[in-house]
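Take a look at the structures below.
You will see subunit A twice below: alongside subunit B first, and alongside subunit C after that.
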Partner chain A sequence: MSARFKPGDRVRVRKAYPLGHIRTPFYIRGHGGVVERLCGAFGNPEELAQMRSGEPKQPLYRVRFLQTDVWPAYRGNPGDVLEIEIFQHWLE
Partner chain B sequence: MTSELPPGRGHHDMGGLLAGRVEPVEHDYAEWERRVDALRLLLSGIKGGRTLMTVDELRKNIEALPPDAYERMSYYERWVTSITQTMIQRGVITTDELGRKMEQIEKRGRR
Partner chain C sequence: MKDSGDYQPYSYFQLMEVSLRELLVEKGIVTEAQVASAVEDIRNITPERGARVVAKAWVDKDFRTRLLKDGTSACEELGLDIPALKLVVVENTAAVHNMIVCTLCSCYPRMLLGMPPEWYKSRNYRSRAVREPRAVLSEFGLHLNEKTIIRVHDSTADMRYLVLPMRPASTADWGEDQLASIVTRDCMIGVATPRAPRAVKPS
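Then we have the complex of A and B:
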(Lines of atoms letter the chains of each structure in order from A and count residues from 1; the text may use other names and numbers.)
(Lines give C-alpha, C1' and ligand atoms only; values in the text may rest on other atoms or scores of the structure.)
Protein backbone atom coordinates (compact mmCIF):
# COMPACT_ATOMS: atom_id res chain seq x y z
CA MET A 1 0.00 0.00 0.00
CA SER A 2 1.67 3.24 -1.10
CA ALA A 3 1.63 6.41 1.00
CA ARG A 4 -1.13 8.80 -0.11
CA PHE A 5 -0.13 11.71 2.13
CA LYS A 6 3.06 13.64 2.75
CA PRO A 7 4.21 15.87 5.62
CA GLY A 8 2.30 19.16 5.62
CA ASP A 9 -0.86 17.70 4.04
CA ARG A 10 -4.14 18.58 5.73
CA VAL A 11 -6.10 15.46 6.60
CA ARG A 12 -9.31 14.58 8.37
CA VAL A 13 -9.85 11.53 10.56
CA ARG A 14 -12.78 9.48 9.32
CA LYS A 15 -15.88 9.77 11.47
CA ALA A 16 -16.67 6.07 11.64
CA TYR A 17 -17.64 3.89 14.58
CA PRO A 18 -17.28 0.25 13.55
CA LEU A 19 -16.91 -2.65 15.94
CA GLY A 20 -13.58 -4.42 16.27
CA HIS A 21 -10.10 -3.59 17.53
CA ILE A 22 -9.46 0.02 16.52
CA ARG A 23 -6.32 2.01 17.25
CA THR A 24 -7.80 5.36 16.23
CA PRO A 25 -8.97 7.05 19.46
CA PHE A 26 -12.68 7.74 19.64
CA TYR A 27 -12.20 11.39 20.58
CA ILE A 28 -10.19 12.27 17.47
CA ARG A 29 -12.60 10.90 14.86
CA GLY A 30 -13.96 13.65 12.63
CA HIS A 31 -11.17 16.10 13.53
CA GLY A 32 -8.81 17.76 11.05
CA GLY A 33 -5.03 17.91 11.42
CA VAL A 34 -1.75 18.10 9.53
CA VAL A 35 0.56 15.21 8.64
CA GLU A 36 3.75 15.66 10.67
CA ARG A 37 5.60 12.61 9.31
CA LEU A 38 5.23 9.21 7.73
CA CYS A 39 6.27 6.66 10.37
CA GLY A 40 6.51 3.68 8.02
CA ALA A 41 4.14 0.88 7.04
CA PHE A 42 2.86 -1.76 9.44
CA GLY A 43 0.51 -4.72 9.48
CA ASN A 44 -3.08 -3.59 9.95
CA PRO A 45 -3.87 -4.10 13.67
CA GLU A 46 -7.60 -4.41 12.93
CA GLU A 47 -6.81 -7.58 10.96
CA LEU A 48 -3.93 -8.81 13.13
CA ALA A 49 -6.29 -8.74 16.12
CA GLN A 50 -8.58 -11.23 14.32
CA MET A 51 -5.94 -13.88 13.56
CA ARG A 52 -5.41 -12.65 9.99
CA SER A 53 -2.17 -11.56 8.33
CA GLY A 54 -2.61 -7.78 8.45
CA GLU A 55 -1.27 -7.60 4.90
CA PRO A 56 -0.92 -5.42 2.91
CA LYS A 57 0.94 -3.21 5.34
CA GLN A 58 -0.72 0.16 5.93
CA PRO A 59 1.18 3.46 6.02
CA LEU A 60 1.15 4.98 9.51
CA TYR A 61 1.35 8.75 9.98
CA ARG A 62 1.98 11.02 12.91
CA VAL A 63 -0.78 13.61 12.64
CA ARG A 64 -0.69 16.92 14.49
CA PHE A 65 -3.87 18.48 15.86
CA LEU A 66 -4.36 21.81 17.62
CA GLN A 67 -5.47 21.21 21.21
CA THR A 68 -7.96 24.06 20.88
CA ASP A 69 -9.53 22.28 17.89
CA VAL A 70 -9.92 18.99 19.75
CA TRP A 71 -11.06 20.30 23.15
CA PRO A 72 -13.42 23.28 22.92
CA ALA A 73 -12.74 24.25 26.56
CA TYR A 74 -8.93 23.99 26.27
CA ARG A 75 -7.34 26.76 28.33
CA GLY A 76 -3.64 26.11 27.71
CA ASN A 77 -1.38 27.83 25.20
CA PRO A 78 -3.37 28.24 21.96
CA GLY A 79 -0.35 26.90 20.06
CA ASP A 80 -0.34 23.57 21.96
CA VAL A 81 -0.63 20.54 19.77
CA LEU A 82 -1.51 16.88 20.12
CA GLU A 83 0.19 14.25 17.96
CA ILE A 84 -1.40 10.88 17.28
CA GLU A 85 -0.21 8.02 15.11
CA ILE A 86 -3.00 7.08 12.73
CA PHE A 87 -3.17 4.50 9.94
CA GLN A 88 -3.80 5.71 6.40
CA HIS A 89 -7.18 4.01 5.99
CA TRP A 90 -8.51 6.21 8.80
CA LEU A 91 -7.49 9.44 7.03
CA GLU A 92 -9.06 11.33 4.15
CA MET B 1 -20.93 5.42 33.14
CA THR B 2 -20.87 3.17 30.09
CA SER B 3 -24.50 3.76 29.28
CA GLU B 4 -23.79 7.47 28.77
CA LEU B 5 -21.13 6.77 26.15
CA PRO B 6 -22.03 7.10 22.50
CA PRO B 7 -22.37 3.81 20.61
CA GLY B 8 -19.12 2.53 19.17
CA ARG B 9 -16.98 3.76 22.03
CA GLY B 10 -15.41 0.88 23.91
CA HIS B 11 -14.98 1.18 27.66
CA HIS B 12 -11.18 1.13 27.25
CA ASP B 13 -11.30 4.03 24.77
CA MET B 14 -11.54 6.62 27.56
CA GLY B 15 -9.18 9.31 26.27
CA GLY B 16 -10.62 12.75 26.96
CA LEU B 17 -13.14 11.64 29.58
CA LEU B 18 -12.93 13.20 33.03
CA ALA B 19 -10.97 10.96 35.38
CA GLY B 20 -9.55 13.12 38.14
CA ARG B 21 -5.93 13.41 39.07
CA VAL B 22 -3.43 10.76 37.96
CA GLU B 23 -1.16 9.73 40.82
CA PRO B 24 2.01 7.99 39.63
CA VAL B 25 3.15 5.22 41.98
CA GLU B 26 6.15 2.89 41.94
CA HIS B 27 5.26 -0.71 41.38
CA ASP B 28 7.26 -3.82 42.24
CA TYR B 29 6.42 -6.73 39.99
CA ALA B 30 5.30 -9.94 41.66
CA GLU B 31 6.80 -13.19 40.42
CA TRP B 32 3.55 -14.21 38.67
CA GLU B 33 3.45 -10.85 36.86
CA ARG B 34 6.97 -11.43 35.50
CA ARG B 35 5.85 -14.87 34.34
CA VAL B 36 2.81 -13.45 32.55
CA ASP B 37 5.04 -10.94 30.80
CA ALA B 38 7.45 -13.72 29.76
CA LEU B 39 4.57 -15.90 28.57
CA ARG B 40 3.24 -13.15 26.33
CA LEU B 41 6.73 -12.57 24.91
CA LEU B 42 7.24 -16.27 24.14
CA LEU B 43 3.77 -16.63 22.58
CA SER B 44 4.50 -13.70 20.26
CA GLY B 45 7.24 -15.79 18.63
CA ILE B 46 9.87 -13.06 18.76
CA LYS B 47 12.25 -15.37 20.62
CA GLY B 48 12.20 -17.74 17.67
CA GLY B 49 9.22 -19.99 18.39
CA ARG B 50 5.89 -20.14 16.59
CA THR B 51 3.71 -17.04 16.72
CA LEU B 52 0.71 -18.05 18.81
CA MET B 53 -0.63 -14.56 19.42
CA THR B 54 -0.13 -10.96 18.33
CA VAL B 55 -0.08 -7.89 20.53
CA ASP B 56 -3.25 -6.86 18.70
CA GLU B 57 -5.05 -9.99 19.91
CA LEU B 58 -3.81 -9.21 23.44
CA ARG B 59 -5.34 -5.74 23.14
CA LYS B 60 -8.55 -6.95 21.48
CA ASN B 61 -9.26 -9.41 24.28
CA ILE B 62 -8.45 -6.83 26.97
CA GLU B 63 -10.85 -4.42 25.29
CA ALA B 64 -13.51 -7.15 25.29
CA LEU B 65 -13.52 -7.33 29.11
CA PRO B 66 -16.76 -6.13 30.67
CA PRO B 67 -16.28 -2.60 32.08
CA ASP B 68 -16.50 -3.71 35.73
CA ALA B 69 -13.88 -6.43 35.18
CA TYR B 70 -11.68 -3.98 33.28
CA GLU B 71 -11.79 -1.58 36.25
CA ARG B 72 -11.35 -4.22 38.92
CA MET B 73 -8.43 -6.13 37.39
CA SER B 74 -4.81 -5.13 37.71
CA TYR B 75 -2.65 -4.64 34.62
CA TYR B 76 -1.30 -8.21 34.51
CA GLU B 77 -4.62 -9.73 35.53
CA ARG B 78 -6.00 -8.22 32.32
CA TRP B 79 -3.04 -9.64 30.44
CA VAL B 80 -3.38 -13.18 31.74
CA THR B 81 -7.12 -13.15 31.11
CA SER B 82 -6.55 -11.95 27.56
CA ILE B 83 -3.76 -14.48 26.91
CA THR B 84 -6.05 -17.27 28.12
CA GLN B 85 -8.91 -16.07 25.91
CA THR B 86 -6.56 -15.91 22.90
CA MET B 87 -5.28 -19.45 23.53
CA ILE B 88 -8.89 -20.71 23.58
CA GLN B 89 -9.75 -18.77 20.40
CA ARG B 90 -6.70 -20.17 18.63
CA GLY B 91 -7.34 -23.71 19.80
CA VAL B 92 -4.05 -23.98 21.69
CA ILE B 93 -6.05 -25.06 24.73
CA THR B 94 -9.71 -25.98 25.09
CA THR B 95 -12.13 -24.56 27.63
CA ASP B 96 -12.55 -28.08 29.02
CA GLU B 97 -8.79 -28.55 29.51
CA LEU B 98 -8.59 -25.16 31.22
CA GLY B 99 -11.52 -25.91 33.54
CA ARG B 100 -10.13 -29.29 34.56
CA LYS B 101 -6.66 -27.88 35.18
CA MET B 102 -8.08 -25.06 37.31
CA GLU B 103 -10.07 -27.60 39.31
CA GLN B 104 -6.96 -29.71 39.84
CA ILE B 105 -4.89 -26.73 41.01
CA GLU B 106 -7.63 -25.52 43.31
CA LYS B 107 -7.72 -28.95 45.02
CA ARG B 108 -3.95 -28.91 45.36
CA GLY B 109 -4.18 -25.52 47.08
CA ARG B 110 -6.77 -26.73 49.61
CA ARG B 111 -4.76 -29.74 50.83
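Then we have the complex of A and C:
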Protein backbone atom coordinates (compact mmCIF):
# COMPACT_ATOMS: atom_id res chain seq x y z
CA MET A 1 0.00 0.00 0.00
CA SER A 2 1.48 3.36 -0.98
CA ALA A 3 1.92 6.27 1.41
CA ARG A 4 -0.82 8.88 1.03
CA PHE A 5 0.76 11.50 3.28
CA LYS A 6 4.12 13.22 3.51
CA PRO A 7 5.88 15.09 6.32
CA GLY A 8 4.17 18.42 6.97
CA ASP A 9 0.71 17.26 5.85
CA ARG A 10 -2.20 18.03 8.17
CA VAL A 11 -4.09 14.89 9.11
CA ARG A 12 -6.93 13.89 11.39
CA VAL A 13 -7.22 10.65 13.35
CA ARG A 14 -10.45 8.78 12.61
CA LYS A 15 -12.96 8.95 15.42
CA ALA A 16 -14.00 5.33 15.46
CA TYR A 17 -14.31 2.70 18.14
CA PRO A 18 -14.08 -0.73 16.54
CA LEU A 19 -13.41 -3.77 18.69
CA GLY A 20 -10.10 -5.57 18.53
CA HIS A 21 -6.41 -4.99 19.03
CA ILE A 22 -6.12 -1.32 18.06
CA ARG A 23 -2.81 0.53 18.36
CA THR A 24 -4.43 3.96 18.05
CA PRO A 25 -4.91 5.30 21.59
CA PHE A 26 -8.45 6.38 22.50
CA TYR A 27 -7.33 9.81 23.65
CA ILE A 28 -6.09 10.84 20.22
CA ARG A 29 -9.06 9.70 18.12
CA GLY A 30 -10.75 12.61 16.40
CA HIS A 31 -7.77 14.96 16.87
CA GLY A 32 -5.81 16.76 14.16
CA GLY A 33 -2.03 16.93 13.84
CA VAL A 34 0.86 17.17 11.40
CA VAL A 35 2.85 14.30 9.90
CA GLU A 36 6.36 14.38 11.39
CA ARG A 37 7.77 11.44 9.40
CA LEU A 38 6.89 8.30 7.56
CA CYS A 39 8.32 5.37 9.55
CA GLY A 40 7.91 2.72 6.85
CA ALA A 41 5.30 0.04 6.23
CA PHE A 42 4.41 -2.55 8.85
CA GLY A 43 2.02 -5.45 9.28
CA ASN A 44 -1.42 -4.28 10.34
CA PRO A 45 -1.60 -5.07 14.09
CA GLU A 46 -5.38 -5.44 13.97
CA GLU A 47 -4.92 -8.33 11.52
CA LEU A 48 -1.83 -9.80 13.17
CA ALA A 49 -3.70 -10.02 16.48
CA GLN A 50 -6.22 -12.30 14.76
CA MET A 51 -3.37 -14.59 13.65
CA ARG A 52 -3.75 -13.38 10.07
CA SER A 53 -0.90 -12.25 7.82
CA GLY A 54 -1.14 -8.50 8.46
CA GLU A 55 -0.85 -7.95 4.70
CA PRO A 56 -1.00 -5.62 2.93
CA LYS A 57 1.46 -3.75 5.12
CA GLN A 58 0.24 -0.33 6.23
CA PRO A 59 2.30 2.85 6.08
CA LEU A 60 3.06 4.01 9.63
CA TYR A 61 3.52 7.69 10.46
CA ARG A 62 4.68 9.69 13.42
CA VAL A 63 2.11 12.43 13.87
CA ARG A 64 2.72 15.53 15.98
CA PHE A 65 -0.17 17.01 17.98
CA LEU A 66 -0.26 20.21 20.00
CA GLN A 67 -0.98 19.41 23.64
CA THR A 68 -3.38 22.37 23.82
CA ASP A 69 -5.40 20.83 20.96
CA VAL A 70 -5.61 17.44 22.65
CA TRP A 71 -6.31 18.57 26.23
CA PRO A 72 -8.35 21.78 26.43
CA ALA A 73 -7.27 22.38 30.03
CA TYR A 74 -3.57 21.76 29.26
CA ARG A 75 -1.27 23.94 31.29
CA GLY A 76 2.29 24.42 30.24
CA ASN A 77 4.17 25.75 27.25
CA PRO A 78 1.74 26.23 24.32
CA GLY A 79 4.45 24.73 22.12
CA ASP A 80 4.41 21.39 23.99
CA VAL A 81 3.61 18.47 21.71
CA LEU A 82 2.73 14.80 21.65
CA GLU A 83 4.16 12.55 18.95
CA ILE A 84 2.32 9.31 18.27
CA GLU A 85 2.73 6.48 15.75
CA ILE A 86 -0.44 6.05 13.73
CA PHE A 87 -1.20 3.69 10.86
CA GLN A 88 -2.43 5.16 7.59
CA HIS A 89 -5.86 3.54 7.74
CA TRP A 90 -6.51 5.55 10.91
CA LEU A 91 -5.71 8.88 9.24
CA GLU A 92 -7.83 11.08 7.01
CA MET B 1 10.08 -3.60 51.77
CA LYS B 2 10.25 -6.05 54.65
CA ASP B 3 10.27 -9.66 53.58
CA SER B 4 8.10 -11.40 56.12
CA GLY B 5 8.40 -14.76 54.36
CA ASP B 6 4.63 -15.15 54.17
CA TYR B 7 3.30 -17.67 51.73
CA GLN B 8 1.72 -15.93 48.75
CA PRO B 9 -0.31 -17.87 46.21
CA TYR B 10 0.66 -17.34 42.57
CA SER B 11 -1.02 -14.46 40.79
CA TYR B 12 -2.98 -15.19 37.63
CA PHE B 13 -0.06 -14.35 35.35
CA GLN B 14 2.53 -16.19 37.43
CA LEU B 15 0.35 -19.28 37.27
CA MET B 16 0.00 -18.90 33.49
CA GLU B 17 3.77 -18.60 33.13
CA VAL B 18 4.50 -21.69 35.24
CA SER B 19 1.81 -23.75 33.49
CA LEU B 20 2.97 -22.80 30.00
CA ARG B 21 6.64 -23.34 30.83
CA GLU B 22 6.03 -26.76 32.39
CA LEU B 23 3.93 -27.83 29.42
CA LEU B 24 6.62 -26.74 26.94
CA VAL B 25 9.25 -28.63 28.91
CA GLU B 26 7.05 -31.74 29.26
CA LYS B 27 6.42 -31.80 25.53
CA GLY B 28 10.13 -31.48 24.84
CA ILE B 29 9.79 -28.16 22.97
CA VAL B 30 12.27 -26.41 25.26
CA THR B 31 14.45 -27.51 28.16
CA GLU B 32 14.61 -25.90 31.60
CA ALA B 33 18.21 -24.96 30.80
CA GLN B 34 17.16 -23.12 27.63
CA VAL B 35 14.52 -21.16 29.53
CA ALA B 36 17.02 -20.26 32.25
CA SER B 37 19.60 -19.14 29.71
CA ALA B 38 17.06 -17.03 27.79
CA VAL B 39 16.04 -15.32 31.04
CA GLU B 40 19.71 -14.79 31.84
CA ASP B 41 20.27 -13.15 28.42
CA ILE B 42 17.40 -10.75 29.06
CA ARG B 43 18.74 -9.88 32.51
CA ASN B 44 22.22 -9.28 31.13
CA ILE B 45 21.09 -6.35 29.00
CA THR B 46 21.57 -3.23 31.06
CA PRO B 47 21.25 0.49 30.32
CA GLU B 48 25.04 0.57 29.89
CA ARG B 49 24.41 -0.37 26.27
CA GLY B 50 22.33 2.73 25.68
CA ALA B 51 24.86 4.83 27.59
CA ARG B 52 27.60 3.68 25.19
CA VAL B 53 25.52 4.89 22.26
CA VAL B 54 24.90 8.27 23.89
CA ALA B 55 28.57 8.78 24.82
CA LYS B 56 29.64 7.93 21.28
CA ALA B 57 27.14 10.46 19.90
CA TRP B 58 28.55 13.10 22.26
CA VAL B 59 32.13 12.69 21.03
CA ASP B 60 31.52 11.88 17.36
CA LYS B 61 29.49 14.42 15.43
CA ASP B 62 29.10 12.30 12.30
CA PHE B 63 27.89 9.35 14.35
CA ARG B 64 25.39 11.64 16.07
CA THR B 65 24.02 12.73 12.69
CA ARG B 66 23.67 9.12 11.55
CA LEU B 67 22.10 8.11 14.88
CA LEU B 68 19.41 10.78 14.63
CA LYS B 69 18.73 9.88 11.00
CA ASP B 70 18.55 6.10 11.45
CA GLY B 71 18.98 4.82 15.01
CA THR B 72 18.91 1.15 14.07
CA SER B 73 21.76 1.18 11.58
CA ALA B 74 23.88 3.54 13.71
CA CYS B 75 23.65 1.08 16.62
CA GLU B 76 24.64 -1.75 14.32
CA GLU B 77 27.86 0.16 13.58
CA LEU B 78 28.68 -0.21 17.29
CA GLY B 79 28.09 -3.94 17.07
CA LEU B 80 24.78 -3.62 18.88
CA ASP B 81 22.35 -5.97 17.27
CA ILE B 82 18.82 -4.72 17.76
CA PRO B 83 16.62 -7.15 15.87
CA ALA B 84 13.02 -6.31 15.02
CA LEU B 85 13.47 -2.92 16.52
CA LYS B 86 13.20 0.33 14.64
CA LEU B 87 15.00 2.81 16.79
CA VAL B 88 14.14 6.49 16.74
CA VAL B 89 16.60 8.65 18.67
CA VAL B 90 15.27 12.02 19.80
CA GLU B 91 17.67 14.77 20.79
CA ASN B 92 17.33 17.08 23.77
CA THR B 93 18.44 20.65 23.18
CA ALA B 94 18.34 23.84 25.20
CA ALA B 95 14.90 24.50 23.69
CA VAL B 96 13.35 21.02 23.55
CA HIS B 97 13.08 18.21 26.10
CA ASN B 98 11.92 14.74 25.04
CA MET B 99 10.32 12.02 27.13
CA ILE B 100 9.13 8.52 26.27
CA VAL B 101 6.04 6.61 27.29
CA CYS B 102 3.91 3.77 25.99
CA THR B 103 0.31 4.48 26.93
CA LEU B 104 -1.00 1.22 25.48
CA CYS B 105 1.35 -1.22 27.21
CA SER B 106 5.05 -0.98 28.01
CA CYS B 107 6.99 -0.72 24.71
CA TYR B 108 10.55 0.10 25.64
CA PRO B 109 13.96 -0.10 23.88
CA ARG B 110 14.85 -3.31 25.75
CA MET B 111 17.80 -4.10 23.49
CA LEU B 112 19.48 -0.90 24.69
CA LEU B 113 18.07 -0.40 28.19
CA GLY B 114 17.15 -3.89 29.39
CA MET B 115 13.94 -4.46 31.33
CA PRO B 116 11.73 -1.42 31.90
CA PRO B 117 11.40 -0.19 35.50
CA GLU B 118 8.12 -0.87 37.30
CA TRP B 119 7.01 2.75 37.21
CA TYR B 120 7.32 2.82 33.41
CA LYS B 121 4.64 0.13 33.26
CA SER B 122 2.41 1.76 35.89
CA ARG B 123 -0.99 3.15 35.01
CA ASN B 124 -0.03 6.35 36.78
CA TYR B 125 2.99 7.12 34.56
CA ARG B 126 1.34 5.89 31.37
CA SER B 127 -1.81 7.94 31.76
CA ARG B 128 -0.25 11.13 33.11
CA ALA B 129 2.91 11.44 31.00
CA VAL B 130 0.84 12.37 27.95
CA ARG B 131 -1.38 14.95 29.60
CA GLU B 132 0.65 16.56 32.36
CA PRO B 133 4.29 15.81 31.52
CA ARG B 134 5.61 18.78 33.49
CA ALA B 135 3.96 17.60 36.71
CA VAL B 136 5.26 14.06 36.15
CA LEU B 137 8.80 15.30 35.48
CA SER B 138 8.79 17.44 38.60
CA GLU B 139 7.88 14.34 40.63
CA PHE B 140 11.07 12.80 39.24
CA GLY B 141 12.90 15.89 40.48
CA LEU B 142 13.28 17.38 37.02
CA HIS B 143 12.06 20.96 36.98
CA LEU B 144 12.20 22.31 33.45
CA ASN B 145 12.28 25.94 32.50
CA GLU B 146 8.81 27.15 31.40
CA LYS B 147 10.26 28.12 28.05
CA THR B 148 11.43 24.57 27.33
CA ILE B 149 9.15 22.75 24.91
CA ILE B 150 8.28 19.21 25.97
CA ARG B 151 7.86 16.55 23.32
CA VAL B 152 6.21 13.40 24.63
CA HIS B 153 6.64 10.34 22.44
CA ASP B 154 3.96 7.69 22.78
CA SER B 155 5.41 4.44 21.38
CA THR B 156 2.19 2.96 20.13
CA ALA B 157 3.42 0.74 17.30
CA ASP B 158 6.66 -0.55 15.76
CA MET B 159 9.17 2.19 16.72
CA ARG B 160 11.18 2.26 19.92
CA TYR B 161 12.59 5.48 21.32
CA LEU B 162 15.78 6.60 23.01
CA VAL B 163 16.43 10.12 24.28
CA LEU B 164 19.81 11.60 23.44
CA PRO B 165 20.36 13.87 26.46
CA MET B 166 22.41 17.06 26.44
CA ARG B 167 26.06 16.69 27.34
CA PRO B 168 26.85 18.63 30.52
CA ALA B 169 29.12 21.58 29.73
CA SER B 170 31.61 20.65 32.46
CA THR B 171 32.53 17.40 30.69
CA ALA B 172 34.41 18.99 27.80
CA ASP B 173 37.64 17.08 28.44
CA TRP B 174 36.05 13.73 29.31
CA GLY B 175 36.60 10.51 27.38
CA GLU B 176 33.87 8.23 26.09
CA ASP B 177 33.91 5.78 29.02
CA GLN B 178 33.72 8.51 31.62
CA LEU B 179 30.89 10.18 29.71
CA ALA B 180 28.96 6.92 29.52
CA SER B 181 29.16 6.62 33.31
CA ILE B 182 26.84 9.60 33.85
CA VAL B 183 24.21 8.52 31.30
CA THR B 184 21.58 6.77 33.40
CA ARG B 185 18.55 4.79 32.30
CA ASP B 186 16.23 7.62 33.36
CA CYS B 187 18.18 10.13 31.23
CA MET B 188 17.51 7.98 28.18
CA ILE B 189 13.78 7.72 28.96
CA GLY B 190 13.75 11.49 29.43
CA VAL B 191 12.71 11.73 33.08
CA ALA B 192 16.16 12.92 34.21
CA THR B 193 19.16 14.75 32.80
CA PRO B 194 22.81 13.73 33.16
CA ARG B 195 24.65 15.40 35.97
CA ALA B 196 28.40 15.67 36.03
CA PRO B 197 29.92 15.37 39.49
CA ARG B 198 31.57 18.62 40.51
CA ALA B 199 35.10 18.72 39.16
CA VAL B 200 37.68 17.46 41.59
CA LYS B 201 40.63 19.81 41.69
CA PRO B 202 43.95 18.07 41.14
CA SER B 203 46.05 18.45 44.27
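As a convention for this text, the second predicted complex is superposed on the first by the 92 of 92 C-alpha atoms of A that agree within 3 Å, B and C clash if a C-alpha of one lies under 4 Å from a C-alpha of the other, contacts with A are read in each partner's own complex, and residues count from 1 in each chain.
In the analysis below, a residue touches a chain if its C-beta (ideal position, glycine included) is under 8 Å from a C-beta of that chain, and two chains touch if they have at least 3 such contacts.
Here the structure is a predicted model, which is why all the values come from computation and not from measurement.
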Original post:
A:25 contacts which: subunit B (first), subunit C (second), both, neither?
Top reply: both
Original post:
In the superposed arrangement, which partner chain does A:50 touch: subunit B (first), subunit C (second), both, or neither?
Top reply: first
**OP:** Using the superposition on chain A described above, determine whether A:17 touches subunit B (first), subunit C (second), both, or neither.
**Re:** first
Original post:
When the two structures are overlaid on chain A, which partner does A:74 contact: first (subunit B), second (subunit C), both, or neither?
Top reply: second
Subject >> Superposition-derived comparison: subunit B or subunit C, residues of subunit A touched >> reply: C
Subject >> Common interface residues of subunit A - those touching subunit B in one complex and subunit C in the other >> reply: 25, 27, 45, 70-71
Original post:
In the complex formed with subunit A, which residues of subunit B make contact?
Top reply: 6-10, 13, 15-16, 54, 56-57, 59-60, 63, 89-90
Subject >> Residues of subunit A touching subunit C in the complex >> reply: 23-25, 27, 39-40, 42, 45, 60, 62, 67, 70-71, 74-77, 79-87
Original post:
Which residues of subunit C touch subunit A in the complex?
Top reply: 86, 88, 103-104, 130-134, 146-159
Original post:
Residues of subunit A touching subunit B in their complex?
Top reply: 17-22, 25-27, 45-46, 48-51, 54, 70-71
